[in-house]
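One chain, chain A, appears in both complexes that follow, with chain B as partner in the first and chain C in the second.
And then the complex of A and B:
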């Protein structure tokens, strides 16, 4: 992960080492996002419609990736699963980014007791492995998409908090911030006009990286039964359902697993590329 | 090439021997169960499917169902060697078999133990089956080998109450008093196998009881393993790590297992009646027209298709088919007519549909059935919200009255009174002091249920039971979906030692005759 920039905004590069990764990653994600957005138009079947006469169909022209034990079309369910999974990941990451950045800047810029308290709380949160924290929070709040988003956001919060805090800590000692203070600018103005914009590049890079983690956390929680309740289709939930019939109809677990893999590759390539492009040490 | 072949041959021989070894080494039957953990081994409290088979080899009753049979007309002596009754059937005297020993150092079975056990079963503080024993007035030890039971009035089947089933199981008085609540994990009975070890969330281990009164068991012991995932249990059975395994209760599993070499499927009664109980005290289900809409939207035929015809059979009443007093003459909703259901909801004042909440177990077969229902109800504008929890939590939450729709699968002692009393009499309403399993808060047929209990004339008794079923069905306290037999997978070399057609413990019971060839 990136450290706080040392002096001023990073120099803009026409081409950076992450360029190819970004293009490939972004292309994958564009396809995935379009598939999710237009799922109702693309999906050949209603993902929730059951048919007792069409249970466990093998892949065919009618059921591209076969059907599950309720006679529901696997391909359609994966498309709709992408929607919930991506939405969960995006919403939780944005929530973590907004709250983490705000708390981090407050902590770093203000310092003192506020900083100590928030940092201590953050340390407690960080002492739990992400999955464990996720399981505890979902177990407390109960399953459901909203609670899942909150749980993932809370577990991702420390990443943004730490980054924003260290950036704010470094920036507040800088001469131009001192100059702002001398000119009598309010703290709000200094933070919103001079500190926040300086940290945003980093935050977006981290967000892209953590988006992939959020997808993974969502899938893992859904897999152990703490995801969106039935009949919602989520990628992790589909893998879990597929496991009930893994030996006879492995496709039911394999196809959604592949979908998770593709999303992870897309997001990771994009995140890594953005990080490299943004990192002064690897920039040419 | 030859060398490679030799190596392969040697390797496979060694591997083959290594894999074959365990079955030579010990006659321990490895029994796989679809549960996260043990609930209890206390026979007077064990109500769940995964807990019941265990009580079958730990305990005995005064009489017993023949192994592999559910015929109440063919009960045979167990701890009692003979019995007699007075003319009107209100005083029963049992003569105990001599020299039967409890497990460990708990001594011989005496009339005191029997009196203690039956009183314990009749006490709601210590038993889940107390209501079955209401008709008993006194239980006395006439002498150390004689027990006399006096009834307030004749009952349909007194022998059923002292059989090796539920409250009829005899426990050691000394052990139960000594161990209190720990009796559930440290049970002492008289059965062919006794508790050796319990490792939470993993297994319960049983040793053969060398003093068993029917003879020393052929097996050395039983390992009862908790493996909640169907696929994991299947793999273990196939790989030879399990000898017996609770099956996935559907047609695909049966077909696949039967076609696997070395494996056979046991399908047994009793058929468990699968019902949706509708909480008649919880709005909007307190409105009978709303309940009618729910029942109409459910498609009973589809559930049989979903489970498959080897296991599922149509349900004809709110008590299981084959029960003494069963009556299938009242028509049941469950047409799967979404259009009509919508109309009913509109007329009942819910033109935009309704939302119902349902606490549901994560056991795959039951969750599957709930999801089929969810999709059927959705077509009629009924949003069935599933709150999926693990099986133990499910059992405790539905007993806390926390679900509007309750999917319950059950078989009970095969006399209509038991099922009607536990599920539909107002004394049994959940979250009350006398609670049993009346999830629907049904009180439509209290009078008939009570009167049938004491009716000496069997025709009149049957008529009362029939009326009770009619009233409950017409009041839509529950929607019977279908009845389901029980499927277990077994390795061919396991010989139960009896014909397994039915098992009141909802799973094959290991007896002293059971063996692994």
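And then the complex of A and C:
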């Protein structure tokens, strides 16, 4: 960050290293999100309308991706499934980010006994594999979209907690934080104005990456029957429904799986790109 | 009237259950408009003293005796909430290291505005105007256009001016300058010290100038407190101290200054080193390095005496009438 030289050719525009990944990932996600948002306008059929005459249709002009055993249009159900899946992932990640960041900063900044207790609780949570923790929590809370969101948020919490805690721990030792104390700023002011904003870059990067994980967790839970209850369509739920007729009508499971794959690729590309762009070691 | 009155202050550090007094019976006063220099080697308790005054001691340290009185108001028992209102508003502080004392992600202007808004409750616009005025006051050239600059765009000396602007933003009664120019080169040092003198006169502030540079003391302080191992070993006017240092440590410090009129082939030094915090002796803390150490120095901390002129205090058994025999009763 030196002063720009007064003379010489203008500096070449430098693109951050994750640029291509961000653009591709973001484009995919824009399409996916628009599709989910405008599902009622795009979907050719009502995703819940059953028709005994139109069971197991192959892909055609009327049923673009075929229909399922109740004669429901698969393409429409995927569009509507995207809405629930994306909403679940977004809500749970935001919930985990807010609580994890708050707890992490409290732990790292305050230190001492508070830090030891919260860290211990977090370690217990982390010792469960994510799926197992998700299963236990959904089983305890019961099915339903809200409970699913809470379950995924709890399993994602440690990622944010650990990141925020280590950032706060490092920032706390900076001289300018001591200077803030000398200037008589309250802890609340120091944390909200001088510590929180500096952790946000990192938190947003990992939020993007964990969004992908949340989509996966939602799909996995739905696949083993712990997702949003039927007839609601979610991507994982659609795969599960299609699974019953996998050998005769593989399309029913394959199309929603592909949809999950596309969402995962989009989110991961974005997350990796943001991480590279944000990493001082790789930026130009 | 004194701005700051430190009376018999003792700060105790708890090291794994062992109490050690890092400040032992420290007393001094700073009058309005007066500069009191605190000198001593590293590790003699200068910074611990500053933190005791500010109420920002680490969790293992505690004030166990005495008072810190600011404008007739005792601070040592104040709750943290009340101290937050005093710090930054009525006590300002300038640090040693200007490169790291500013937050790199905020503009200089935003940082100078922050205490104005926090302590004085100024609106965003008023704070901006006041901040630019402050920047002019600390002689930052073209202040208005520098308002939106970031700290990395400033040189060390300019950053220290920003730190000074922050310290005096709310018109404090006391300014603590903890080695304010150690990290800067000599010409900038001179400018900044002159600036501090000027600001101090203007605001009638009391100033506590913590330094280990005796040249700065001679040029910019009114009185001096010499500290060693958490004790105030001598306090006097600058003139008095430089002419008749009474404590062996003060004498040795002055003798170690290179002088133009002496042979410079060999620099005088004080043998030994400052005792570590965990091993602070019970008696006189300088005894291990003192050429005049006696039995009594081992056994009891010396009392503070005033052997010569008024206002010239010494804490040494050499200056206690019949001190050599005090131990015998």
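Convention: the second predicted complex is superposed on the first by the 270 of 284 C-alpha atoms of A that agree within 3 Å, B and C clash if a C-alpha of one lies under 4 Å from a C-alpha of the other, contacts with A are read in each partner's own complex, and residues count from 1 in each chain.
As a convention for this text, a contact is a pair of C-beta atoms (placed from the backbone, for glycine too) under 8 Å apart; a residue touches a chain by one contact, two chains touch by 3 or more.
It should be emphasised that the depicted structure is a prediction, and the values quoted were computed from it without experimental measurement.
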item	value
Chain A as common anchor, with chain B and chain C clashing or fitting	fit
First, second, both or neither for A:250, with chain B first and chain C second	neither
First, second, both or neither for A:44, with chain B first and chain C second	neither
Chain B versus chain C as contact partner of A:143, first or second or both or neither	first
Partner chain(s) touched by A:181 [first = chain B, second = chain C, both, neither]	second
Touching partner for A:230 - first (chain B), second (chain C), both, neither	first
First (chain B), second (chain C), both or neither touched by A:129	neither
First (chain B), second (chain C), both or neither touched by A:197	second
First, second, both or neither for A:58, with chain B first and chain C second	neither
Chain C versus chain B - closest C-alpha approach in the superposed model, Å	52
Complex contact set, residues of chain A against chain C	1, 3, 112, 174-176, 178-186, 189, 193-194, 197-198
Complex interface listing, chain B residues touching chain A	229-231, 234-235, 248, 250, 252, 256, 302, 305-306, 362, 364, 367-368, 370-372, 374-375, 378, 385-388
Chain C - residues contacting chain A, complex	54, 56, 59, 83-89, 93, 95, 97, 100-105, 114-115, 118-119, 152-153, 163, 166
Contact footprint of chain B on chain A as seen in their complex	48-50, 52-53, 55-56, 69-70, 142-143, 225, 229-231, 243-248
